[in-house]
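Got some structures for you, see below.
First chain A sits with chain B, and in the next complex the same chain sits with chain C.
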Partner chain A sequence: MSKFEFPPSIRSRPVYGTLEVRAGKHHLMIADAAGAEAILDVATPDLMAKTHIIYIPRGADFEDKLRALNPAQFYEGPSYAASVSRIQRVLQDASMGLQVYLTGTEGLMGQAQNEAMQAGIPHTAIQTEHRGSVARRMQCVHCKGITEDVETDPFVCSHCGLNLFVRDHYSRRLAAYQAVCIDAEDPGNVPAQKGIYATETEQ
Partner chain B sequence: MTLQFNDETFRDDYSFHNSERAIKRFPFPFDKDSYMYVVNMEQHRGGPSDSIYEMRFDVDEHYVSEMRDRAMVLADDPLRCQSLPHMTLAGWDLLELIMVSKSEDYPDLFQLHRDGDKWHWINKPLGIDDHFTFMDETTLPYGPMEYITRQTQGDFCVLDQRDDNLWMDAGTITTQADWSLDFDIGMNFFEWHAPVPLAHEKGIFVRALKFLLNIQQGAPARRLNWTMTVNPLLDTSPENYHKWGIQKTSLTPENIGAKQHLRVELQTFFRLPRSNALVFPIRCYLCAFQDIVSVPKWGRRLHRVIRDLPEELATYKGFIDNRPMMLDYLSKFDDGQDTSNGIWPELDSEPPLKT
Partner chain C sequence: MSGAEKIAVRVTEVTPLNDLVTRFRFEPVDGGLLPTFSGGAHTVVEMQDGAITRLNPYSLMSDPFDQSAYTISVRRDDEGRGGSLFMHKSVSVGDEMVISNPVNLFSLDLRAKKHLMIAGGIGITPFLAQIKQLDRAHGNWELHYACRSQALGSYVDYLTDTHPNDVNVYYDDQDQAIDLENLTDRQPLGTHIYVCGPKGMINWVRAKSTDLGWPREAIHYEEFLAPQPGKPFEVKLAVSNKVIQVGEQESLLEAIERAGVDAPYLCRGGACGMCETRVIDYTGNFIHRDHWLEDDEHASGEKIMPCVSRFEGKTLVLDR
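After this line comes the complex of A and B, so read on.
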């Protein structure tokens, strides 16, 4: 699957790279959906012997291929929410030099990065690679509710029901982009929905 | 002079008003007839008598009412005041800085008595008389930053300094120009300024950061910033934008002089001694267009600045839709005469408006 090229953006927006193997005794890889392909791309028998993979398929079918890599530990979770306590537990035991690799959707990478940061790993030391859906995790600035997997701009807040537009301003702490009411100055005048990247101008 | 505190509101019936004195000392932000971002920093070491620059923390006629408005905002939304766990020491630094400054600068309004770590703080305008132990949070009704910023006009960002950057790790933000502390907390200098147009490309933030990282104890700095607000609304937060945004459409040629306010921020920067944090107070001053144009120099200049402002900035500052109506109003106060350099009103030397 070809990788999506995100358009240039503002300084708070995360920039993702390409996973590469780094030296270390322990490796933690957290992925969802098509992120499995990024793991398959870097996996070697030597690396996998020291790697714990946490994978959330979200409908994708990579379990057999990932298991076939023979990672030191493998867990497949039904959702991020179901997996997060396990991720926290693993990070609690992390020793100096643990290498963290995050890949898949922005929502998965952002949330897992936040857990790693809370465990004391600087965000600049965490590798990320975006794969798959370009949907965003959005925080409504008004009610503070998070709407997952937003693909259109504008969208309706899943908590308070306001019509929100999608900003590029991003909070690592919340692992979310900011969403702001689009029709505050002209209630009811909501533009037609389009894909977030339908035009690359005016984000 | 003895300060008389206004009994006024910044919401609902908007009874906020500026006295003649407050208009004359309003920090008009344009030192020439055009505006573009520059790193406009200067030392914050006093200024002309009775100007907003004179004291370290200016206390004016709006003090008591502004503090009442802040308490209402915090009651509605406690997330407007947050401090990450490592910032408590900086909160004590800030409390000390403000208590010492105010008790020295306004001894008739504020008193601080210190006996070792046993402190006694008297705030006469707000009727506060508290004994507490310095550095012991259990002896105050709030954390130290919240306690003192509930008693001080202006928003407060408390910035941690590490990795050659500044981090928005604590603050009390209830009079903001449309940005969210709850969203931005934990961000670095470049990240929380990310949405600002043009200034990144001009290298403004790189130079400003370099300047701020080097601010020393006892040598605070300041700058002015500005935007526009319809109605004297202090809480122009993104959190409540779905409630106040509609007010921007309430301007008419008849009410614009009274309703449209120039909103000026006096931003100051103080190094804090124990934590090495930087405190960044953002003090908001509001002035109705009809009061600004009572100063001939300001009327002429405001018209020229708003007329010639790049579209990106008028959009970012949120008044692009109202700009034509503003210009219709302001053009009546611009007779084309020259203006003197600098921000001061120069009421004695500038010519009156030609009619």
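After this line comes the complex of A and C, so read on.
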């Protein structure tokens, strides 16, 4: 599957790279959905012997392929929320030199990066590679509620019901983009909904 | 005038610690308070050595929150250009001197969960201030300090008395060495490593921690390079339209200053990048000694750090 090219944007917007193997005795790979493919791309028997994979399928079917890599540890979780306590525990027990690789959706990478940062890894030392859905994790700046997997702009806040404009302004602390009311001046005057990247080539 | 702001001070204590190291205490001449600083900061001490003005950086080792005085410890370098010898031989209690406001190029990263400190010899001094800062904040730290011998182990007694569980001392003459492999391999996530000491030690610690996968952002080091003597050379300063001679015992930066040209500087030890100067033209070879410029910049012949680097050849024209 080809990778989506995010259009150039403001500095606040996260930029993702391509996973590469780094020196270290312990490796933690956290992926969701199509992120499994990025792991399959870098996996070598040598690397897998010291790698813990935490995978959240979200409907994708990569479990057998990932297990076949024979990683030192493999965990498949039903959701990020269900997996986060395991992620926290792995980070708590880890020592310096642990390499963290995050791949899949922006929501997964942002939230897992936040956990790794809180565990003391500088965010610039955490590798990321975007794969799969381009949906965003959005925070409503008005009610502070988070709406997951937003694919359209504008969208309706899943908490307070405001019509929200999707911004590229991102918060590492919240692992979310900011969403601002689009019809505050003229309630009800809401532009037609389109895909977030509708003017770009859809994947 | 370049450099950090200046403070007029009086020398109020000169305390020899051992054969090589002497401690100096500075109090402000005007009786006021000195600025607080952060652990790892240094001050640039001006020395009037006859006709020569020397400006040497020394790490502040006193409590960063003590505004009544600053202390530094100076290791005598008999082979050097004379700055440390001047401090040892010519400075006495009551003397007035000028020092700079503190500048920190080796500060603690306070996001760290733990601070792992590696010191070699006189490289202990910035850690003394950092430890005082961390103690006040109940910080988590551990020090590994290598010195030549018990007799030359500056502040070993003080450190082991006050922090018996956090300080580990290694004496070269007793064949004790830091077990760096195991030390860096068992640190909790969020540890930052700091190293100050001889170049070989800094390179060793950086290489080992990098090999073990420590992120670059968690590895901190400080090495003041003293400018080395070298063959005299001639430099043309294009902006000020002067031709100056750099003597055997002075640095390029000192020669520029001696000619009355105000050149930017901060650390005077090849680390901060402040004095970076563009080369307009040259015929000859650069002797780059800083660790500010990248290797490709050193090779390009386009930039020089006049605080520590020299030149050998026919022509050197600088954008200064």
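Quick note on the criterion: the second predicted complex is superposed on the first by the 199 of 203 C-alpha atoms of A that agree within 3 Å, B and C clash if a C-alpha of one lies under 4 Å from a C-alpha of the other, contacts with A are read in each partner's own complex, and residues count from 1 in each chain.
The working rule: a residue touches a chain if its C-beta (ideal position, glycine included) is under 8 Å from a C-beta of that chain, and two chains touch if they have at least 3 such contacts.
Predicted model, so just to flag it, every value in this text is computed and none were measured.
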**Request:** In the superposition on chain A, see if there is space for chain B and chain C together, and answer fit or clash.
**Result:** fit
**Message:** Looking at A:172, would you say it contacts chain B, chain C, both, or neither? Reply first, second, both or neither.
**Reply:** first
**Message:** Output check: A:3 vs chain B and chain C. Expected answer is one of first, second, both, neither. What do you get?
**Reply:** neither
**Message:** Under the stated touch criterion, which partner chain does A:52 make contact with: chain B (first), chain C (second), both, or neither?
**Reply:** neither
**Fill in**
Once both structures are overlaid, the C-alpha centre of chain A sees chain B and chain C separated by an angle, to the nearest 10 degrees, of 60
**Request:** Return first, second, both or neither, reflecting whether A:86 touches chain B, chain C, both chains, or no partner chain.
**Result:** neither
**Message:** Just checking: does A:22 make contact with chain B only, chain C only, both, or neither of them? Give me first, second, both or neither.
**Reply:** second
**Message:** So in the superposed three-chain picture, is A:159 touching just chain B, just chain C, both, or none of them (first/second/both/neither)?
**Reply:** neither
**Prompt:** Of the partners chain B and chain C, which touch A:180 in the superposed model: first, second, both, neither?
**Reply:** first
**Prompt:** Can A:144 be said to touch chain B (first), chain C (second), both, or neither?
**Reply:** first
**Message:** On the A-aligned overlay, A:97 touches which partner chain: chain B = first, chain C = second, or both, or neither?
**Reply:** second
**Request:** In the overlaid three-chain picture, find the nearest pair of C-alpha atoms across chain B and chain C and give that distance in Å.
**Result:** 6
**Message:** With the touch criterion stated at the top, can you tell me which chain A residues are shared between the chain B interface and the chain C interface?
**Reply:** none
**Request:** Going by the contact rule at the top, pick out the chain A residues touching chain B in the complex.
**Result:** 10-13, 139, 141-142, 144, 162, 167-169, 171-174, 178, 180-181, 184-187
**Fill in**
chain C residues touching chain A in their complex are 111-113, 184-191, 209-218
**Item:** Interface residues, chain A side, partner chain C - complex
**Value:** 22-26, 91-92, 94-99, 119-122, 124-125
**Complete:** Per the touch rule above, chain B residues touching chain A in the complex are 79, 180, 182-187, 190-195, 200, 238-246, 248-249, 321
